[in-house]
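Each of the next two complexes has subunit A plus one more chain, namely subunit B in the first and subunit C in the second.
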Partner chain A sequence: MTTMMDRPAATPGHSAPKKALIERLNIFTAFALGIIGAIVFYYVAKAILPANTDGSYIKSNNDQYVIFSMIGWFIGFMTGIGALIGPFRWLLGKDLNHDENMFYAGKDQGVKRYFRYTTDHKVVGIQYLVLTMIIFFVGGVLAMLIRTNLGHAGGGWLQPQTYNAIVGTHGIIMIVGTIIMITGPFGNFIMPIMIGARDMAFPRLNALSLWLIIAAVPCILSSFFLGGISTGWVAYNPLASQAPAGMDGYIMFICIFALSTMVAGANITTTVIKMRAKGMTWNRTPIFIYGVVASVALALPAFPVFFLSQVMSGMDRAAGSTFYNTMGGGSGWLYENLFWIMGHPEVYVILIPGVAALMEMAPVFTRRPLFSFNLAIMGIAGISGLSILVWAHHMYTTGWAPLLNGPFMLTTELISIPTGLLFLVLIGTLWRGRLWMTMPTASIYALLWNFMIGGITGIYLSDVPVDGALHGSMYVTAHFHYTLMGAGLTGALASLVYWFPKMTGRMFDKTLSWIGFWFVQIGFNIAFISMFFVGLAGQPRRVEAYAAMFSRGNMITTGGAYLIMAGMLVLLYGVISSWTGGVKAPMNPWFAKTLEWSVPNPVPLENFDVLPVVTSDAYGYGKAQS
Partner chain B sequence: MSDLEAPKRPSVFERKDIKQTVYFWVVFTAIIGYAAAELQARSMGVSASETMSTTIHMMRVFTWVAAPIAGLVAAMAMTTLISKIHFGDTPPEEADHQIRNATKLSATWLIVSSVLCLFAVVWGTVVLQKDNAALLNPQAMNVNVTGQQWAWNFDYIDNGTVRSQDLYLPVNKPVVFHITSKDVIHGFWIVQMGIKVDANPGYTTETSATPNKIGIYDLRCAELCGLYHAFMQTKVHVVSQADYDAWIKSQGGQA
Partner chain C sequence: MSVETHAQSHHEHPDVVGSRNRLGLILLLVADISFALAVLFVYFYLKGQNVNDMWLPKASDTQDATVPVSSMGAWYVTIIAALGLLFHRYGLAGAKARNQTQLVLGSGVAFVASLAALIYQGIQMNNAPFTITMGAYASCYYLIAGLNMVHLFLTVFVSLGNWNRSRLGIYSADHWHVEIVKVWWTWMTISSLLGAFALSFT
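Then we have the complex of A and B:
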């Protein structure tokens, strides 16, 4: 910071106070300006917007006030964090100079850089990690409320409206948490080092993508005070148009989050294409990179549609349009289509990086090369390509275009082929390897088990006649928890333990990682296997009360959920205790061959003194070629 | 030569780890197939229509078809797990062999998974066609279904102006449901008949079934529809034709 002050003024006049401005902005000014912005926009909206007339489709002015306030919050927050300084300076023809850019990168700022609009990818990675943990904590508390309420038949202690709001918020916040859980922390911190780059292609966009999510989260949390999201995470219309003003929080949350995802997608994709180290051909690029790129590249077509669907939903609520209102010539099926055009690629956005991360770890912990690297890429590419053609399998039973059920069944079941390739790669790598048993190694096993169950139950559901019996039941809930949590989150937790030494400079406590692993995996399987059976027996999703025949299954699920909670708390304690007082990590604790292990701890500001040159892939374990 | 080829040649088959894997494969396939198929099929409960019986049958067959794949993955994982595990803070000595590719195995895997996939698609399509054709059956009776927050109404349009909140159906008679909604999207789901379609405001959707067993069954809403979604359920009474006619008359309709 002193360097900023001592620097001789190169440009006279008003540039000096602007430099000081950069230094003054942080998360606190962001929140302050955000709140001021919300209040100002609220009163402006109240003053200038006309009162409703009976002829319009708008039910009340509340939605307009809430949406305007949140736009005010958003503008205030982004201004307060300093996101606009770069563009403004550029607009004025006074782009940031080198020292200012170094300040932006967090040079010599210690802990303070984590609370600023810092562009260093490692700072952004850590910020994402903490943000993901906060999101999972909130989502986890909501999950425990749901399971506690469902502990016994006939409804629990939550009011139906509260229960529905909790289910909806748990759903969407966990979806967002799982979307960012790998590409956020590890895609930002590890990925650029892994490809031998000094930073991301667009460091300011990187900071932008993070702070957009932080600006979005209060919108979704505020919905609890505005009546809640009582629609499930899908927020189908016309139910969403009936919902209280909490729905506007959902809409703004999604719009801002979609912006963040698009920005991050463009940034990460460009970084990987343009900034790999010399000699790192596509054949030598680690498989984790493929996973991250596939994930964020899929988000590029998916999230603009999500953004659009929510803009239209917000217009229906606040501006009198009728996109989804049958009475005004719209259709709820339009919403369902737009939603799932995002929604199906999105599950692979979550899943692929988790699997790819474990494929990255498999050679390290079996001391063998990755089996059939090309098939792994084909698998990832095949899933990504097909995943944009399968959305309407979520709509088999909606009655929309029954003639299309056959074709969508075909595309959906085709996905089983590239998915099978991922299994082949993992099992081929394990086969006859010398297992170095660590928590990530065990996670490979857990992934094979969970993803097998999630995958095969997906084949049942992809079959139209079977889906007629199972759609909308707890079977579906169990199925996607097996894929997103059983496979995706397992990969993310393994990534946490695996990359923790590089990110924090300390080893993750081994004992705690094992205790957490077993509690989570055992609890998870208890909870969700019994959920399959109540689903088969006919329990619908998203109900706060159920027939007595489902009691036993639900009680077991609730018990399993408490085990998961115990495991996650152990892991949380592990993160905190290892981060603050863990054993100092060596540079390459896993004896791995990817580039991120070739830089010292803590990783220096620009990662490499001399950019590395790559001459082989990172999987050259073992002694002889066969 | 790869270590991963199917055990065709005796030299490969005599290897201990291959033998172990084959043994595990058989055992795991049997356990996984039987447990998954039977537990799932049984928990689907009573079947009150051919659609549901077909669905249960498909679940069973799909499970048995998938079991050898799951069993193989589990067997290979298990063989590795019980042979050479190394605990500690440093890695084990590296293996003295490398497998980077096994072209024949990969090709086999691809072909087998494609064939299984094709099987699932073709069978699914055949059954789907049958379900679609049932909608056009001229012998079928028609029932209009209206969902609203949070109740179902049934209009027996072939029998005059009869309306009920419980669904009554004669046994062994095909029925086509014409479903719509007054407010938001609901899911019309007769659990034991394995049929489901959404009730959309402003549109009419259709599904059909032929109840083949007298009894009382569950009709639940399968699409979150607001405050009392959990309670939006009713009973389906499948009765003999004579009982059905009597019930219709008691409601003021003509049988």
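Then we have the complex of A and C:
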């Protein structure tokens, strides 16, 4: 294999030297090889797989071909982007040399490094940021289609099957978008600098985690052309076993995404444990780091279970196994257990980094120390620990293990205690602080308001009798939007404005940030408070037409949704205009004390010329004057 | 946005890099352990539920009864894997003692063991007296055997690389790679053992 070191240098009058393999691979070769892989695997599957004549219950050749094609796509894509070079070079005993590692880090490549398997954590952070925005854009368009359709009582202009597919795809795309919205862009770009490291512990795994998601996205988008995801984002079996081939896109999407979360979880956790700057004891480690680590560490054991649930779903569909088919000894409850063992911790995987990011910003914009740092850690740890013991509250109405309803109700309600600690920390920090009113500061108040509503309605839903009445209603939809969007996304948008100067070297346009903030927050509360009311009145989820009595509430919700859309478009415009022509940011525009603000803009390749030594915590802003 | 600088290379001590890599692998194993335990949960859950009496379906007009396979095959795979682990450890001891011959021999035999276990596992799956469609037990059997196949395939890759790198003398200066491969071998053997244990209960 040609390496960069041993190829001859170009001389005047001669043609340029042949490029080494790692220099040839980029997103275009990835897509090209991915498509070739999908086509080859499709025809191979058609040639070698026998027709389905063995009397299995669900298995279909169509699903086999689709899954094979997607596996071919995946292998081709990862080969084409260069993810396999490292492992095979290790196998051959030809480890990457310094120049090659620098090439992987994106040195001297300008914009091209954003389209390659680049390992520099800052490039990966920017790639994650753009990917997250694309995911939210797609999910947002689907949300607007849903709300526009629901603006009219008798059903709108979407066919029921199309409506179901849009709801399912919106759900899963937004879940993935919210999972990566903070740990992806800010966990990658900011976190290593914040702890005083030169890069992540495993830079190639870092790039791998990103490109796995990029490989996964076409799988879910292809589902639209394969009959859609008609099951909602939860993809309950055995319903999913009978769904069109679009379900195979969902299965592959989740399997690849789960691999990404495992890789990212191991990488981020190792980085924080092993690579903190000298003197950065656990008591001096910023609270944002705790939030990111709690999130990825929670995902580490949870997502493999989800992965397994989808492997078995794929086996049922393509190989004829009977894991979820009661006629063959399977069980739908099995799927629900596996799904929710992941599904509830996943809520906190989304929430905790958002809250932690705002806890990080609160001292900066109040010029006070974080109120009770230890309480904040206890809150995060308590939520993380309890979140793995609450999954069956999603299954009260299924009839699974009724004797366990009480214990699960108790554990679910207990989780409000550590959650309350986080509220106390935020309120305590704001209390009598000298407020510097920015969009992130206002976001702290927005989070407290939204999360209070999302949290309290969650306590109602964890109550067995109330859940019996409200399960499957729009009330539930409003509740989880209040937590995931009202709290999680609010934290993410504040993070974007707060860390934008460090990531891009430009200040986020202040006016646009405020306009976007108010449109989103007002629209959000209009949309989802109104949704609580129609839910309480009995409107079910996931139906494309509803009774006339719910018209007014739905009209209001749709109006609120359009306000959210307007706000998000303003923020998107703010990102583009500020990035391309915004005011140049000083090194530390917020006068903050965490390490990321001690490095210049743009941040050098390995962050620090000399590694910092930490001598105090990051919140030494002095005490409030009372 | 990051700037392109000609930063100095920052070399770290191999022990530091090794320790970091070891933790990284252990954390990845947390995910794999979670997956493997979930597989066992599936097996025992469906076995305990025996929905419609279809854990091991009886003979019908259209289908023979599902007869469980002997778990001995799974135990044999585990024994081969355990032998591979022992030889890997033997090679590791050689690396620590700077005995190149012992390192190459140990890692070479470990590679052969992993290959043998993979092939034997494949033969077992191929010769199972039922297909995956024949009830919950059959589905679970293929799931457990399939997981073992994936683990063994990865082990073949890792042990081949380990042997090749040993042969090339790459581990003469430091041997943290060999230590980390040992962690993987250990978990793979335990995972195989758990699978064999589960299949002993039909």
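Points worth noting:
As a convention for this text, the second predicted complex is superposed on the first by the 600 of 626 C-alpha atoms of A that agree within 3 Å, B and C clash if a C-alpha of one lies under 4 Å from a C-alpha of the other, contacts with A are read in each partner's own complex, and residues count from 1 in each chain.
FYI, a contact is a pair of C-beta atoms (placed from the backbone, for glycine too) under 8 Å apart; a residue touches a chain by one contact, two chains touch by 3 or more.
Quick caveat: nothing in here was measured; it's all calculated off a predicted structure.
If you put the two complexes together on subunit A, you find that subunit B and subunit C both fit without a clash. Looking at the superposition, the partner that touches the larger set of subunit A residues, subunit B or subunit C, turns out to be B. By the touch criterion defined above, A:Leu91 reaches subunit C but does not reach subunit B. Of the two partner chains, subunit B and subunit C are each touched by A:Thr326.
In the superposed model, A:Ala32 makes contact with neither subunit B nor subunit C. In the superposed pair of complexes, A:Phe307 makes contact with subunit C only, with no contact to subunit B. Contacts of A:Arg198 after superposition on the shared chain: subunit C is touched, whereas subunit B is not.
Contacts of A:Lys122 after superposition on the shared chain: subunit C is touched, whereas subunit B is not. Applying the stated contact rule after C-alpha superposition, one finds that A:Leu605 touches subunit C and leaves subunit B untouched.
In the superposed model, A:Gly110 lies in contact with subunit C only, and not with subunit B.
Geometry note, superposition on chain A: angle between subunit B and subunit C about the Cα centre of subunit A is 110 degrees, to the nearest 10. Looking at the shared chain after the overlay, A:Thr269 reaches subunit C, while subunit B stays out of its contact range. When the two complexes are laid on top of each other via chain A, the two nearest Cα atoms from subunit B and subunit C are 8 angstrom apart.
Within subunit A, the residues touched by subunit B in the first complex and by subunit C in the second are 326-327, 331.
Residues 155, 160-161, 164, 230-232, 236, 238-239, 242, 326-327, 331-333, 364-375, 397-399, 402, 405-406, 409-410, 413-414, 416-417, 420-421, 423-424, 427-428, 430-437, 445, 448-449, 452, 456, 459-460, 462-466, 468-469, 471-473, 532-533, 536-538, 540-547, 589-591, 621-626 of subunit A are the ones that touch subunit B when the two sit in their complex. Contacts from subunit A toward subunit C in the complex involve residues 54-57, 59, 87, 90-93, 95, 98, 106-110, 120, 122-123, 126, 198, 201-202, 205, 262-263, 265-267, 269-270, 273-275, 300-305, 307-308, 311-312, 315, 319-323, 326-331, 334, 337-338, 341, 503-505, 602-606, 609.
The part of subunit B that touches subunit A in the complex is made up of residues 1-4, 17, 36, 39-40, 43-45, 51-52, 54-55, 58-59, 62-63, 66, 69-70, 73-74, 76-77, 79-81, 83-102, 105-106, 109-110, 113-114, 116-117, 120-121, 124-125, 127-128, 131-132, 179, 183-185, 187, 189, 191-192, 194-198, 200-203, 205-207, 218, 220-231. Residues 1-7, 9-10, 19-21, 23-25, 27-28, 30-35, 38-39, 42, 45-46, 49-55, 57, 62-63, 131-133, 135-140, 142-143, 157, 160-161, 164-165, 167-168, 170 of subunit C are the ones touching subunit A in the complex.
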